[in-house]
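Note that the chains take the letters A, B and C in the order they are written out, and that residue 1 is the start of every chain.
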Amino acid sequence: MLKLERVTKVYKVGTFGGKELTAVRDVSFELQPGEVVSLIGESGSGKTTVGKMILRLTPITGGAITFDGVDVSRLKRGRVKGYYRQVQGVFQDPFSSYNPIFKADRVFSMLRGAYFRQLSSAEWERKLHASIEAVSLDPAQVLHKYPHQLSGGQLQRLLIARALLLDIKYLVADEIISMLDASTRIDVLNLLGDLKARGLGVLFITHDLSLGHYISDRTMILRKGVVVELGPTASVFGNPQHRYTKLLLDSVPQLHTKWNGDGVLESYAVADDEAGVNGGSPALVEVEPGHFFAAEES
Amino acid sequence: MSVKVDNLRVYYRTLRGDVQAVDGVSFAVADGEIMGLAGESGCGKSTLGKSLIRMDSRMRRVDGSVRLDDAELPIDDTRAMNKHRFKDVSIVPQYAMSALTPTRKVGKIIQELLESRGVRFAMIRPELERRLSLVGLSHDVLGMYPIELSGGMKQRTVMVLSTLLNPALLIADEITSALDVSSQKAVAETLVEFRDRGYVKSMIVITHDLAILYQVADTILVMYAGKLAEKAPAEVIIDSPLHPYTQLLISSLPEVGVTYEEKRLTGIPGRPPPLLNPPTGCRFRDRCPFAFDKCVDEPPFVEVEPNHSVACWKVF
Amino acid sequence: METAEPQAETVVAGTVVAPIGAAPRRRRGETLYFAFRNRKLVFGLSLLVFLLLVAIVGPLLTDREPFEFYDALGVSPSSEHWLGTTAPGQDVYAQFVYGLRASFIVGAVAGCVAAAIGMAVGFAGGYLGGIVDDILSMLTNVVLVIPTIAVLIIVGAYLSVGSLLTEAVLIGLTTWPWAARAIRAQTFSLATRDFVSLARLSGQGTWRIIVREIAPNMSSYLFLTFILLFGGAILIAATLDFLGLGPTDVMSLGLMLNVAVSNSALQLEMWWWFLAPGVGITAIVAALYVMNVGLDEVFNPRLRRT
């Protein structure tokens, strides 16, 4: 189980770190194998920072992240490799994730030296092909090509294949389909669904509520670094408690229902609403089993 | 008719030949109409939008014409188009909000832009401030630097600026793509507000997001691989699309309310054809589940029901 | 007629639009294609190669020595002395070709030293950030403001700096800062790219990532930086030698000018004496800078005009 307990990230900005910026404050949740948890937030919500902290790409300022009981943030060099065998990430921009001067399969060969040195060439080849086929790609079509010769969808799938190569337990998927075309998005999303059925735990970071609703078992709404609502997807979407969750749901453009005509000025007020959650984290109140929200002082 | 585009062909010159980005497109936008131009990346919608106002040096008009209120627009003559830009045709380009110079105050940026168009800033300032407050921005905004504004606020500022001289046609190129969900709604509703108040006569809203178009557009035009696939009123396109591409596209969009377990959506396998040497016949042929032998000929874009045009042999 | 290739960011059907900021894609062959068509590059490179050949082969073509005195005093170019002789009777041609050779050596050594330090400091600061970057930046700025000439005067006064290599190393030790800054800036932007994060997720260590992911992406930039350091070093060396602060046991172009001026070559109308070294220095540095501009255009398609 991947567990976050009161995780906080504070950045020091300004010359010689004069000022502080809190990107994430007291975030707690758990991720189990075989479930998809959506982390939904707008820009500045801290969702990407949470993902990065889980992947140890940025140090954690407060709280703890534990993987099966072991504190991840304080792992030594040798143990980190072992951690990455279990937890991996895929990012938003497929073209930024590949070093443009090398071929795309280099992302696989980078792993070979670190984790699969003992395999023979034939065994490695087999394992590689199996991973690529597991993401519904044809190895002959995608291997030995440069990134610019492949499509965004193929590149993202290859990154998922890379993660699968390691037999990971958890995948942090940070906006992995936002840069793909609508017709390919759903295929990658379905792939995540298949992997979930096979036991993978996924943290699906997104700003798009429809995608979150489609694929996740539980949903967490993040606003300005603080969890405002958390619970089973059906509950959070069907019975939203927090003001912010309701605002988000109202703003989503649907395909068969029009926005309620509150008037355009109301929309501006919502969009420009800078009033953050009061400093200090409001306590989470349980409204239904497993469904929590941040009760604000009024 | 406010805008009439007739058989427009705009190609990109490259070292390897011409990329046929917009290949024979004809449509009309009426006064007061908001037309959505939808499609995925590479379909030519951005090129089409840009070619109506400013073709850059790589683009070349090969054929066709664009008429605004019955006068032909000289789209391939940059200097001649200068007279029309901003006053008759205006554009909110993609990434506009990132194009505000970070080292100048917003008011100064607007002032310089207006004066370069021969408009006295002092005279138009009251109207500018009125419109800014209309979009929920106080006139303090003029004294701020772009970095002090959020993405949605910047986008609304740019929209006010682009429509200040009441152009007949506004082209909005992916103006909601980089915004948060709450700002998207605000910006999209602003478009409708501007049309309702008569600041702009007609609009072409270019985006890949069909859901936003459903909310604000009157008509939706779907493009695929440089050609028109389907055009119909927004509700009709969403509820009863005729072109296989439109149908598959809409059925691949997850909505709030649909889950993977209940109903597994599918995408469209394959990729759009390269526009450098496009295939003959219907360009969607290779990915279309309904393709048959007639599809080796290119289907014409024909009105099959009132206000509903499609380019597909299966429909005819 | 203007033909240009659309960047990777524009819409070309068949690929997802690469967002602004992605590296523009070019085939390898196209770089060479543009390289050979770029007039500045061709001109600069040809001139440089020519001068290099003169420096290597030149001394072999004559039996004259740069420091030896011959009977002809201050004679203009003749079949005996191809570039004439100096006032005290030294062969200008010999001095010139040996001096040219010295310039190349100084440039290369100083360039390498400066490039090595600049890369180490720039990569470390740019990639690691934080306190390491703060310290290295401070160090860079301090060395940046130290005037090279003052340092060398002091060093010359206290140590017996005679050799060419010492001069080269000292120049290298004082010119690395701007290279470090430039490399740091580039590294900053590359370090935020996702492929670096992915390399970290593959268990790769800091220096491995710098050497195998970041530096290769900057290879053209590093190359250009080296060329500028090379040219700059030659110019500084010439200046130092001209002021008499350089090694006196090795013939250099700056030294030639020094002696020529102190012997009033200009007033005596011994044009061959000061023209040769002057043209020599100008030619090398000009060739390098023109090459640099040309290469920049080749590597960066946005600068191309033809």
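We adopt the following convention: a contact is a pair of C-beta atoms (placed from the backbone, for glycine too) under 8 Å apart; a residue touches a chain by one contact, two chains touch by 3 or more.
Since the structure is predicted, the reported quantities are computational estimates derived from the model, not experimental observations.
By count of C-beta pairs in contact, A-B exceeds the other of the chain pairs A-B and A-C.
Centroid distances built from C-alpha atoms place C farthest away from subunit A. Note: centroid distance subunit B to subunit C, computed from Cα atoms, is 50 Å.
Centroids of subunit A and subunit B (each the mean of its C-alpha atoms) stand 31 Å apart. A straight line joining the Cα centres of subunit A and subunit C is 47 Å long.
With touch defined as above, residues shared between interfaces to two or more other chains in subunit A number as follows: 151, 181. Shared contact sites, meaning residues of subunit C that touch two or more other chains, fall at 14-16.
Along subunit B, residues 41, 271 each make contact with two or more other chains. Remark: subunit A residues 42-43, 151, 181-187, 189-190, 193, 207-211, 213-215, 233, 237, 247-256, 258-259, 264-265, 267-273 touch subunit B in the complex. Of all residues in subunit C, only 8, 14-16, 18-19, 21-23, 25, 134, 193-195, 197-204, 213, 216-217 touch subunit A in the complex they form.
Looking at the complex, you find that subunit B touches subunit A at residues 40-41, 135-137, 150-153, 156, 180-186, 188-190, 192-193, 208-212, 214-215, 238-239, 248-250, 252-260, 264-269, 271.
Of all residues in subunit A, only 16, 55, 57, 80-81, 84, 88-89, 91-102, 107, 110-111, 114-115, 146, 148, 151-153, 159, 179-181 touch subunit C in the complex they form.
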